[in-house]
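Chains: A, B and C, in written order; residue numbering restarts at 1 for each.
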Amino acid sequence: MTTIASESGTRPVTDYRRDTGHRWQTVLLEIIKYSVLIPLTASFAFPLYWMISSALKVDSQVYTVPPILLPFPIHPVNFIEGWQILPFTRYAVNSVVFYTVPAVAFTVLSSTIVAYGFSRIRWPGRDTIFWLVVMTMMLPWAVTMVPLFITFKWLGWLDTYRPLVVPALFSHPYIVFLLRQFFMTLPEELSDAARIDGASEFGILFRIILPLTKPALAVVALFRFLWAWNDYLGPLIYLRDENRYPLALGIEQLSTRANDVGNFSNGIPYLMAVSTLVALPIIITFFFAQRTFIEGISLTGMKG
Amino acid sequence: MAASTQRVSRYTPQEWRNLRLGLLFVSPWALGFLLFTIYPLLSSLYYSLTRYDLLRPPVFLGAKNYLTLFFDDPHFWNVMYNTIYYVGVSVPFGVGAAFLIANILNSRIVARSFFRSVIYIPSIVPAVASAMVWQFLMNVQYGAINGVLRYFGLPIIPFLSNPGWAKPSLILVAIWAQGAAVVIFLAALQDVPRSLYEAATVDGANIWHKFRNVTIPLTSPIILFNLIMGLIVAFQEFTVPWLLTEGGPMNSTEFYLVHLYRNAFEYLRMGKASALAWILFLIIVVFSLVIFKTSARWVYYGGEK
Amino acid sequence: MTRKTISRRDFLRTSGLVAGGAALAACAAPAAAPASGGDDSAAAEPQTISWWYAWGNLDPAVESISQLDSFKAHIGENTTLDYRGSTNNEAVLTALAAGDPPDGGSNMDYPGLWARGVCLAVNDMVDSSEIIDPNEVVDAVWQGGFYGADLIGVPSIESFLWYGLNYNAQHVEEAGLDPDNPPLTWDGVMEWHKELSQFDDGGNVLRIGLDPIDAMAGEPDFIATSYGHTWWNDEEQTFHLDHELMAQGIETQAEFFRFIGPDNFAGLRSVEGQGTWGAAFNAEVQSMIIEGYWHAGETTIQKPEVAVHNRATWAPVPAFREGAKIMATGPHMVQIYRDGKNPDGIFKVAEFLHTEEPLNIIFNEVGWIMGIQSWLPTIDVDTFPGLRFYIDNIDQVTDWIVGRRSPIHWFVNTQLWDLREQVYRDLITPSEAVAELQKRALDEWEAQGL
């Protein structure tokens, strides 16, 4: 796929449109296009809009027929009150300090080293073994879920974040794959020159290759961040103590709590407010690193 | 490459050095592969032949777990049906919808990156958060959708409380979160050389012909990729059904991983859960192989192979 | 030693005391906590006692109890109680599996955990206790803690009467029915159900009369007892689910669903605040509920404006059993885990719960009653509307059961829910449902290696 990537710039896109025929046909096509696209996009956006707008309501604005599209007055205090019903600050610290940060750091570090070994050093059998990496990418995690649980239980790691972050020290096949793709694009001469100067392989990796692949590192770090931040099943299996919950389990806890009548009113607005707050870092990151996201996700498909 | 194993004795010192270095660099992966892939795979095969509740030592049962699942389990075939239904509808529809959206976005569009962002964002929002909002939206009593229906005096839709509606409702949520596939398709579409479309135009091809004869063949490897990845993900869908319906109503959304989780971590039936995991593993392998094999007929690999 | 049912006489001992009132209470004041420091070594090492229980509404009471000076003195000055509510059976199972369980647990699947061999028998501890007097505990409750000769936990926290038809008298009056003449048979309850249920113009349900499987009514014990059947033979350890009376009971409940519409029911339950045990009654979208004595207190504490309308009567029986008055009881316990670090500590907690202060705290802050005979007469039964029914009518009961005795009771319960839904959605017949239920129970029994 990648080989045919770069020939398109020769003629402006508009030529293609002009060739298709008469003006009115083009206009009709445009109308059809937008009349599909706009409602479609609106329906993609609606659930998130509804999440945010409901976060600003009180109970009396939630249970109405017809539903209130634009709440007034709004109640931004829900964001504070909802956050305080359960120790969400602690959950956030758990999510960041005990899960996301170590998972990202460990994965990126270990996967960088492994990807280097699979791309910048020529050793016999390398590409054959790399196939194993590709195959593990496709291995359903369900198969190893139960025995890993038993193993971690045996190690006494249940109710800690170790089952979720220690494996990150051993690299992640998907991220190794992505980084390898990046490393392969760098010219071999870079390394050769450094080797002649007596640099070690680790020296080459950290002083020459990594500075050149910062965008790639950003991509994989971003993806790992996303997986850890959004992970629900992992913490669900391994964590029992509420004090150690990450945000994902905290939200579920809040929804259960909102189900107990008599606990508090505004259950739905609080739930939506906290959900918004948990989704927010992801959405903000997306807007700041949009190009990195799109490039990264585009690259994942480039293995045909 | 295949010949390399036979030349062991003929490695040059440089090759030896590289082999040692290479193995050193990939050793974290190799160790992890043994610890977190090979060992669990083999041990789960063993556990699948036992009765094991973690509290008492495993009891060897032979193939009993498998036989019971296939021939004498009240839930297994229903779970299988639910899962195949879900995969069979959500993957083709999801990939199809993603492909069409990507094609629209690939044409000349005002504010393309805006549309792309809006469609992509649902796929990165934490699944727990989106489950919460969908549960709210689809609620029979006060969900926004039913609120509108009620307002117009129409009968409400029991999205998550009727066994017939529950699966389509969850599929809808899955398709909503297809943004990543859209972005992948879009990138692939932008790589299709303009010149091919122009040549087709010269030959008098209309839009459909171009779509059929240029766009689809040139993006077919990516369609294949998205199909297989979609399949692996859909077979193991857990978070959304677990949070939205907990397998109900009437087990209609008891999907494979929900059932597996329940057996393993609610009932502590580690043996049965391991057997379930292996069956799923084989199913996914078979499905992927079938898609790969048949793909030879429709996937176009350009001049590469 | 074990008994699946209890005789009227067993319980009369309690009722006599209650009826006798304060005079008797004066004679038998509950044991006061020992003055302090019976154990001199307690002052040495700082210790922790960990206790998990499933019910979140117990939290405020436990917090109050743990602040009591008498409690601190009893468990030892250097010892702290680390309690955790809303911890379900699965959480305990995984903690047990991980080899790191709490010292004790409550509101769990007691017989199931016992059957898996993870608990200590507490006979010796109880025998040497200066506080717990088995003769003081309502006999049926105490006996409910035994499996064979083993006492599988310390009956405590709350253990009293389980079945009654509670109804919102205001709703009943609004529907033109007579709250002083509640129905006693299923046919009668069905008539009320039809009158009390409300729908909007679109046919969507606004309020239901009775959710026939909410709270206690969902469990197999209830259907069986209502229909005069026993599904689990405790002495022979045998299942009798595949029985015509079970099928009839399921069909009766199914009729309530069909009237409302199964989707409407599911939808109503999925509403925030209505999905859990008993919550729909408190949210006033349900007018009747089959519940234990605790309903009166819990509703008063959580929704006083609803609780003032609460009344209670006998749980319904079929027409052919008209006049039968059914009731269940059974213990909640503090179960002590074999792999816990501080079995003596958690026993002290359980022991302390038998003294007057915690009994009063739990009654006032949560609404629960422990069947301790000398203490019962000291409570004001009119504190919570509807509670009086349970206390005043104990000697009228004709059919007793000690509930939740089967080691796979909770498994059978989930399967019953599953199959009953298929019945009320008309996918299988009630007879097919009970046959399948029996089969699943036997399979599970074998699969668990029991």
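Quick note on the criterion: a contact is a pair of C-beta atoms (placed from the backbone, for glycine too) under 8 Å apart; a residue touches a chain by one contact, two chains touch by 3 or more.
In this text the structure is predicted, and so the values were computed from the model without any measurement.
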item: Overall pattern in which the protein chains touch one another (line/ring/star/complete/other); value: complete
item: Chain pair with the most C-beta contacts; value: A-B
item: Chain centre separation (chain B, chain C; CA means) in Å; value: 43
item: Separation of mean Cα positions, chain B and chain A [Å, integer]; value: 16
item: Multi-partner residues of chain B (each touching 2 or more other chains); value: 54, 135, 142, 150, 265
item: Shared interface positions of chain A, touching two or more other chains; value: 153, 255, 268, 271
item: Chain C: positions in contact with at least two other chains; value: 94, 97
item: Chain B to chain A touching residues, read off their complex; value: 1-2, 4-5, 7, 11, 15, 18-19, 21-26, 28-29, 31-33, 35-37, 39-41, 43-44, 47, 54, 101, 104-105, 107-109, 113, 115-122, 124-130, 132-137, 142, 144, 147-148, 150-151, 176, 179-180, 183-188, 190-195, 197-198, 201, 207, 218, 221-222, 224-226, 228, 232, 235-236, 238-239, 243, 256-257, 260-261, 264-265, 270, 273-274, 277-278, 280-281, 284, 288, 299, 301-302, 304
item: Touching residues on chain C, where the partner in the complex is chain A; value: 56, 84, 87, 91, 94-95, 97-100, 272-276, 279, 282-283, 301-303
item: Of chain B, residues touching chain C in the complex; value: 51, 53-56, 59, 68, 72, 74, 135, 139-142, 150, 153-156, 158, 160-163, 248-251, 265-266, 268-269, 272
item: Interfacial residue positions of chain A with respect to chain B in the complex; value: 1-5, 7-8, 10-11, 13-17, 19-20, 33, 36-37, 40-41, 44-45, 47-48, 50-51, 54, 62-67, 110, 113-114, 116-118, 121-129, 132-133, 136, 138-151, 153, 167, 169-171, 173, 176, 201, 226, 229-230, 232-233, 237, 247-248, 251-252, 255, 268, 271-272, 275-276, 278-279, 282-283, 286-287, 290, 293-294, 297-304
item: Chain B contact footprint on chain C (complex, rising order); value: 90, 93-94, 96-97, 116-118, 200-204, 262-271, 418, 421-422, 425, 436, 439-440, 443, 447-449
